[in-house]
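Note that chain A is present in both complexes that follow, paired respectively with chain B and with chain C.
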Partner chain A sequence: MAEEVIRVEDFSFKYRQTKKYALKHLDFAIKKGEFVCVIGQNGSGKSTLASALVGLVPQYFVGNLHGRILIEGHDTQHTSISELSTMIGLVFQNPFNQLSYTAGTVAEELAYGLCNHGVPREEMVERVDRIARIMRIDHIIDKNPLELSGGQVQRVALGSSLIMEPEIVVLDECTTQLDPMGSEEIFDIVKNLNADGMTVVMADHDMERVARCADCVIVLDRGEIVAQGSPNEVFSQPDLREHGVEPPDFLKIALALKEAGVKVDRLPVTEEPTIELVKEAIHS
Partner chain B sequence: MKIEIQNLEHTYPTGEKALDGVSFTLDNNERVAIIGQNGAGKTTIVKHFNGILRPTAGKVLLDGVDIEAKSTPEWSARVGYVYQNPDDQLFLDSVRDEFQFGAKQIGMQTGRIEQLLVEVAELVGLSDKLDVNPFDLTQTEKKFCAIGSIVMMDPEVLIFDEPTMGQDVVGNDRLAHIIDVLHDQGKMCVTISHDMKFVVRCFDRVIVMCHGHKLLDGPTREVFSQVDTLKESFVVPPPITRIGQALGFEKTVLTLDELVEEFSKERAK
Partner chain C sequence: MVGANDKHILETPVGRMNPITKAGVALFVGLTALILPISWLGFVFTALYFIAAAKGNILKPFAKIIFSFGIPITLMLLFIQGFYSPLNKTFILDCGFAKLGLEGVLNMLHIVGTLLTFLAGLYILNQTTYIGRLVAALNDIGMSPKAGYLTLATLNVVPQMQRRMHGIQEAQSARGLSTGGSALERFKAFIPLLGPVVLSSLTDAQERGMTLETHGFGLKENKHTSLVTNTNTPTDKAILYGAAVLFVVAVVLTVLNGVGIIAIG
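This part shows the complex of A and B:
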């Protein structure tokens, strides 16, 4: 069995300035190499959970906390953000929150984390070059990060996180500023790294993509986990919309056929299996 | 209002040619989506609809009047542009002030402003947030605040730049409702969007841009049936349409009901 890299134990958190708890009694574990998607409507706690996994909650965003989170066995309350950052990286929803605002060029921005960890110069140059190629930002490597388009900044933000080669990466709606082709490119990169063993926790609103990528889906509603399991298990739950989440359109197709009286023996959530299902149904 | 774009070119001061001879006409209360990759020229083109940008060649006519004849503030009273990022638009201390600002600027009567304020706040779902500072709103609420402040000016045309970005199910439903209401009021609604589900749900006409040119222009169904041309511009039809196409259905389907209907026809064959 793969080792557990994230363990969340009866975790609750309330920001100091708010009355309600942003997260309530979360309890789950994530194994090495898993691709986990966190979904839920805006305000359901996805971003707070992302911040909690990397220790920003409660070390930077203070408040009331119960329970604990262990990252590779290290308690996020008692391990420095700097040490945690070598194990788990976070890519923010707003890429402009990720920039160091001290770097004059994209190359310096990418190297920022490596500098802070005292990586030797030669290795640093080599890692910057490599990640710039992977993220397709090598042509803008000498530009000022503040002169870039939103989509380019998102690539830089993800690059500056992945360059640390974390075991785990947390992605908080990190492709909102990219066009569909750009975001598919980013997901291909993440999927490849995941295939090589990197653990991924991703918050996203694109349910077709979630269904395609995730080994496990966690649904949050008002700070609580209301569903958890494989994309098939989670998306076929009938009360999903009450929690502000809709299943992928592919699943809706199977359900619509069922409603129309067609015998449907499975409920696929991705494209190819849906095509297969409908083909079979046409000829049955 | 009628918006006529004639051989429009736009070259930025950097020398980058963002639009290279684009022509089309938008009429009255059409619902039009402009789609295409980043850098295709979508935002550049809509910023010509109220003179935020001026043609470097070609013409833009609004109800037959050359855009150059009036200032951007004058045109903005009739053609409202909702920014992609609400932080680029919001700057006052309360939602109420944001809502009143543009309307006051264009000289709307106080009584009318007060009446509209109630309607618009209800429409965008911020009735109980009127005294809140926009910076204390969630990102979703900020977007609706930005939309509300433009709707308040009661323009004939509304342009929504990437309105579904970061929206959840509830936000998308509200957005669809807002567009329905504005359409029923006789207003023209234009969007720039990467969200093909939203385009199919709310817009009757689609213009596909690619490298500063217009690649396709027509009813939504027709445009999404041009699979090969869409590939050129890296546009992928929405999931339901793709399934219909993969199955070789004769009709390009846009909704679940249409898909089931085509399915039944195929099965009966």
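This part shows the complex of A and C:
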């Protein structure tokens, strides 16, 4: 049985300047190698959860906090953000805000965190080369990061998190500002990393993608977990729309077929089973 | 500052030189020109800097900056110092409205020579040094990584803010705001852009702060390392020590001149 890498225990958090709690009594665990998607409408607490997982809440964003989050057994309240960055990486929406603004080349940008951690230069060079290949940015390694496209910068940002060799990566809607191609490029890389054993926690609005890739889906609404389980379990819940979550189009097709009298044993949420269902409906 | 990819400059003998050597030479040679009361010395140093600029592949912009600064300042100081300096005792030209004094002219040459020496040294440092190498070199000699960050981030964030400003400007003009016309009209159009630029920059600063935190910026106990390296070759050391010795000699000569043991100038 895979070991638990994230444990969230009755975790609640309220920002100092707000009246309502952004997260309320969250309680869940994530196992090593799992691909977990966090969904929910804007303001549901996805970004706060992402910040809490990497220790930015409560060390950077202060407020009222109850419960605790353990990353590989380390309490995020008592472990420095820098130390946590070697266990869990974070990539967020705006790629250009994730640059250090100290680097003249992509290689220097990737190496920025390693410099702060005092990693020897020889090891730094080796890690930069490896991550640049994984992120498919080895051809732009000598370019100025400020001259790159949004998709390329987001790959640099993901690379600069992964170069710290964390076991877990948190992606907070990191493809929202990218074009479809840039978004898919990032997602392909993340899928490959997950296939190699990295634990991924991703906040996303693309339900087709969530249904296709997640091992587990967590639905947040006003800071609370309102649904949790496999994509099939979560998206089959009839009250999902009440929580501001639109189910994948494939599920809508299947539901329409069901209403039209087609026998549907298990509601599909991804492309292939939906195509099969449509084929069966046509033949019958 | 040059970019990391400006190889035609960075791979010249001057470009490869340790930034501390270049900064040290600019400082020591400039101070030597300043303290020694020799009016032509600054021009000799500036002439030598022309050779360095040629070696560093920046001769054309270097000549442009030296002449575009040197000529107007020379004419201006020639007028002020040459005609109206209280030091003037020996008059070399009578222009009718005023007399040109030798002492004032020599003083003007000393001032212009010194300014050009500092300008030339700093320009070569600036135009042949990749900022990342300069900061790495300053960190090597003990500057705090946080001060290094401030230097680099300040230089790099300006183009980013300009891009943002341009984006907001385009968005505003798409909604009918006139951003062209006379200087006054352009200035008026500029005012409403400031709010969005400043506010969005503050939001960006928060996210950048988060990025820095998750990249170990706050670590205190670690020794900071760098991907960018600087070599300190025997030539670098010889040039830097040479400049330092020149300065020490200049100090000694100035003191001896001051107490009347020798006479300079």
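One rule holds in what follows: the second predicted complex is superposed on the first by the 284 of 284 C-alpha atoms of A that agree within 3 Å, B and C clash if a C-alpha of one lies under 4 Å from a C-alpha of the other, contacts with A are read in each partner's own complex, and residues count from 1 in each chain.
Rule of thumb we're sticking to: a residue touches a chain if its C-beta (ideal position, glycine included) is under 8 Å from a C-beta of that chain, and two chains touch if they have at least 3 such contacts.
From a predicted model like this one, the values you see are computed outputs, not experimental measurements.
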item: Contacts of A:Ala281 with chain B and chain C, given as first, second, both or neither; value: first
item: Partner chain in contact with A:Asp249 - chain B first, chain C second, else both or neither; value: first
item: First (chain B), second (chain C), both or neither touched by A:Gln98; value: second
item: Chain B versus chain C as contact partner of A:Gln41, first or second or both or neither; value: first
item: First (chain B), second (chain C), both or neither touched by A:Cys216; value: neither
item: Partner chain(s) touched by A:Val190 [first = chain B, second = chain C, both, neither]; value: neither
item: Partner touching more residues of chain A, whether chain B or chain C; value: C
item: Chain B partner contacts - residues on chain A that touch it in the complex; value: 40-43, 93, 149-151, 173, 176-182, 205, 208, 241, 244-246, 248-250, 252-253, 256-257, 260, 262, 271, 274-275, 278-279, 281-282
item: Complex contact set, residues of chain C against chain A; value: 3-5, 130-132, 135, 145, 148-149, 152-153, 156-157, 159-160, 204, 207-219, 222-229
item: Complex contact set, residues of chain B against chain A; value: 37-38, 85, 138-140, 165-171, 194, 196-197, 234-236, 238-240, 242-243, 246-247, 256-257, 259-260, 263-264, 266-267
item: Interface residues, chain A side, partner chain C - complex; value: 51, 54, 56, 59-60, 80-82, 84-85, 89-90, 92, 94, 96-105, 107-108, 111-121, 124-125, 128, 142-144, 146, 157, 160-161, 164
